[in-house]
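Structures incoming, each one as structure tokens.
First chain A sits with chain B, and in the next complex the same chain sits with chain C.
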Partner chain A sequence: MESVDQESISHEMGMHTQSLRGRDIKTMFSLENEGGYAYAFAKDVDFNKRTEIDIENMTATECNTKIRSLMDEGYGTIVIKNPGAKHSIIVGILNKMNFIVEGSLGYFGCGLLDGPTVRISGRVGWSFAENMMAGVCVVEKNAGSTFGAALRGGDLVCKGSVGSRTGIDQKGGTILVGGDTGAFSGFMMQRGRMVVCGNAGKNLGDSMYDGTIFVGGEIQDLGVDAVPGELTDLDKAWLTRKLTQYEMMPSKGVDHFTKIVAGKQLWSYDNLEPSEKKLVL
Partner chain B sequence: MAGTSYKGADIEDVDHFIKGGGIDSEREQIIGQHIGYRYDVNLLPDYEKLTPFLKGYIEFMGWDDLNWLEDVHMGYDDGKAAVFDRNINGWVAIPESYDLPDNQQDRDMMARELLIKFQMSPDHPMVQLNKAYRKF
Partner chain C sequence: MCGIAGLIHRKGSSNIGQEMTSMLQALKHRGPDSTGFAIYSEPVKGQYILRFKVAEQEDMSKGFDIQDQVKERRADVDKRLKAMGAKIKEMEEATAYAFRYQIEFSGDLKELSDRVEDVEGAEILSIGNALELIKDLGDATVVSDAYDIDEIKGTHGIGHTRMATESDVDIRSAHPYWAYPYNDIAVVHNGQITNYWLMRRHLERDGQRFVSNCDSELLAVYTATNLEKGMTLEESLKKSIEEIDGVFTYLVTTKDELGMAKDTMAAKPMVLYETDDMVALASEEVSIRAIVPHEIDTWDPYDEEVRVWKA
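== the complex of A and B ==
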């Protein structure tokens, strides 16, 4: 019954007849009916209301359902015990929250988040915090490949080393890595910031369109259209603040960081190109 | 040629896109449209300019800084100051009655504040979208 009601709402909104023309919503700020600091549909939770759940014998679905029911009850801090490297835990939370994970997570942990702060004492698998919109995720040990894939916002921190393709298709936000990062990190990065305190593998920033990568150690080599940039005072102040915030500040400061930006030779955003290509072909 | 780079950071006049600028390079003149962003997407926020509302938002969310709002800037669409709202995939224009600050950093803080107020409003389109599409 609920799904039928939902479908009628989407029809009323014109979502089934809207032509797909890209950015076609244009509106004007009207702040007569201001909200607070949270989404109108967010759950009212209190950081000081704390609980623990042991998920050793739960499936990922059961665990995520349990988290939502605790949020409904107003719990703002949830400690997750015995995660057992389960996949797809703590996903799709569009709320302010505090999660403390005592152990390690598997693949696609903490995906699609918009707001929570998550602290993980162990390691994480592939595609951690994929598509995160906002919030903070801190991993105390190492992370797998595609860490922060398609990240859109928020701070994503790994105090150890990460695998390859870190921040692939990053569209915003900040990725901080305390150790090294693997090959093709920052691949097709579009905006946002990546900070690697250790070394970076092959093809760093390959095909990046925009955004900034800071590396404290050695860079094995740069990818296509990734070029060195000038480290400004604003960059240094920002690096100092962020790294201090997560207790990752190198003993020798931030002056030695190399800044990598896009050469912007890959930009081809104009609408004549398809017709020009047809003429050539 | 295609790929002619526009670097938002190279624009010195903060009103460049309000005064009708944006079609500057040879390529842009040929195609009749601006290439690339209309602001410097890499501009880092100056925390000295933080507004009281934004301080309250940061505290409410339990963060130490602007978090995702570090990527929000005041942009310019159709010659008007506007903010891109990722939740509706569209530009939200600043009413002309608003006085724009004379520098991009203050404008960015204004954009961040207005965007939060807009997104958290019960009138925001995402409230309806949430009702229509939420799975759980």
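== the complex of A and C ==
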């Protein structure tokens, strides 16, 4: 679709305050165009073409280079064996494809993702899935601090407990935590949703601009600008859907969750995520 | 961005020297400037292990007379030990400038330490019944090879890989710090203490001495002072979170304990692995995996968390 058309459509829809570029605009205004769902330079991979790599004796660079060469060969499902808590594994993947990690990752795992589905059987270190744009990451065990920092989209799931500053600077997407989260979670949150089934540490949602935090357990205390909100039926339906989807539904349901929102209101600030704008349109 | 690691075996001794070397080598990327070990070997009844140096590593390549000066300084240390009534049972030349003595001594440890450190260039790295505190420039393998650390057996230990930020690249600023003048207490720290000078002056007014300008030394002196006052290690660690400002995670060892404390911001990392047989902690899981090669369940301690384990 021509850029002039895109601009005129966006203006008609009142969206001219947002800078529409790249993938957003393709997805929003070219729904009939299949190519619009992927980057022009995304690799052509087949989900059913599966391979395994053992990275026990590889450096992070060697591992990530190997992943790219396998993607060039069309592999759409890559199993990573013996990750050994190494840092910076599976980074900068902009394809829709599958990764299965048999073990634990270290720091900065799965950073800068846009599209893939990642399943990790172990735990992950600090700053997992930083800046993720889209896709799904599921961690079966615990996670370190700054889990999902600056998350922009997609679903980020930790079935265990996470460290401090979870979702710091979160700009979209959904973070689901099966256990507890540490201090300063949701710090400077701007958009998106965070669900913590267990307890939350001190200063929850400190300096948040927007976004929503749901906590199933105790909240040690709220940070500046974070206030309790009303848990609506829509919220309950959404929580039920998301938690069921990842098999994390608490036995007592979702009625007991506390909803935390930003106490302040910002001017000229729309709180819809890109994916929600697609639905509106 | 220093790296710290600790290990305690709950059911007897192991090759703790070898294990700590592996753990610290895996943290080399967090601090390549120096590496230090505080390892608790089998205690020798009635005897102290004294580790000291009489020059910095870099001094050894300066000047024509340094070799002679080292000999003179060491002889002076020997003389002062004898004058204090200490019997030297064993002498080891760990490097050209660092030594390990096994001594019999029943007098005032503080006075002994002060007399030894009065010798030019001399610094006591540690005194203890079981503590072997070794630190030098280079990564874990380099230091371990130089001091035969792989040979040391024991129950627990802590270690540190240092990226110099607050003070110079020298042995004096390397961790761990021995808690002068109390035996068998050592500390490693990752972080920055922002009320260092205030706390230091307060402790100095109470008669404590500091050998470096490294903020981490404060934790050793602070811990020793608290323990001297009769606090338990756990009480001291909890008190430190209230009194010490900054971002820090630190580990403390005594002759039979390993403790950890994390600041109120939880800004410095620590990964914990605990089983019935052992407890291993490190700035990164990759360090623990260096000695436990299979998949393990680990977690991050939270803000203001204090833990103490017994050997």
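Here is the rule we use: the second predicted complex is superposed on the first by the 229 of 281 C-alpha atoms of A that agree within 3 Å, B and C clash if a C-alpha of one lies under 4 Å from a C-alpha of the other, contacts with A are read in each partner's own complex, and residues count from 1 in each chain.
Keep this in mind: a contact is a pair of C-beta atoms (placed from the backbone, for glycine too) under 8 Å apart; a residue touches a chain by one contact, two chains touch by 3 or more.
The structure presented is a predicted model; accordingly, all values stated were derived computationally and were not measured.
Touch criterion met: A:160 reaches chain C, while chain B stays clear of it.
Contacts of A:245 after superposition on the shared chain: chain B is touched, whereas chain C is not. Of the two partner chains placed by superposition, only chain B is touched by A:98; chain C is not.
Legend: residue contacts after superposition of the two complexes on their common chain; A:201 is shown touching chain C, with no touch to chain B.
When the two structures are aligned on the shared chain, A:145 is found in touch with chain C, with no touch to chain B. Applying the stated contact rule after C-alpha superposition, one finds that A:117 touches chain B and leaves chain C untouched.
Note on chain A: of its two partners chain C and chain B, the one contacting more of its residues is B. Overlap of the chain B and chain C interfaces on chain A comprises no residues.
Residues 84-87, 103-104, 106-107, 121-123, 125-126, 141-142, 144-145, 160-161, 163-165, 182-184, 201-202 of chain A are the ones touching chain C in the complex. In the complex of the two chains, the chain C residues touching chain A come out as 264-267, 269, 271, 284-286, 288-289, 293, 295-300, 302-303. The part of chain A that touches chain B in the complex is made up of residues 6-7, 9-10, 13, 15, 23-31, 33-41, 47, 65, 68, 92, 96, 98, 115, 117, 133-136, 152-155, 172-174, 191-192, 210-212, 234-235, 238, 241-242, 245, 261, 263-273, 276.
Interface of chain B with chain A (complex): residues 2-7, 27-28, 30-31, 33, 35-37, 41-42, 44, 46-47, 56-57, 60-65, 67-68, 70-71, 77, 83, 86, 88-95, 114, 116-134, 136.
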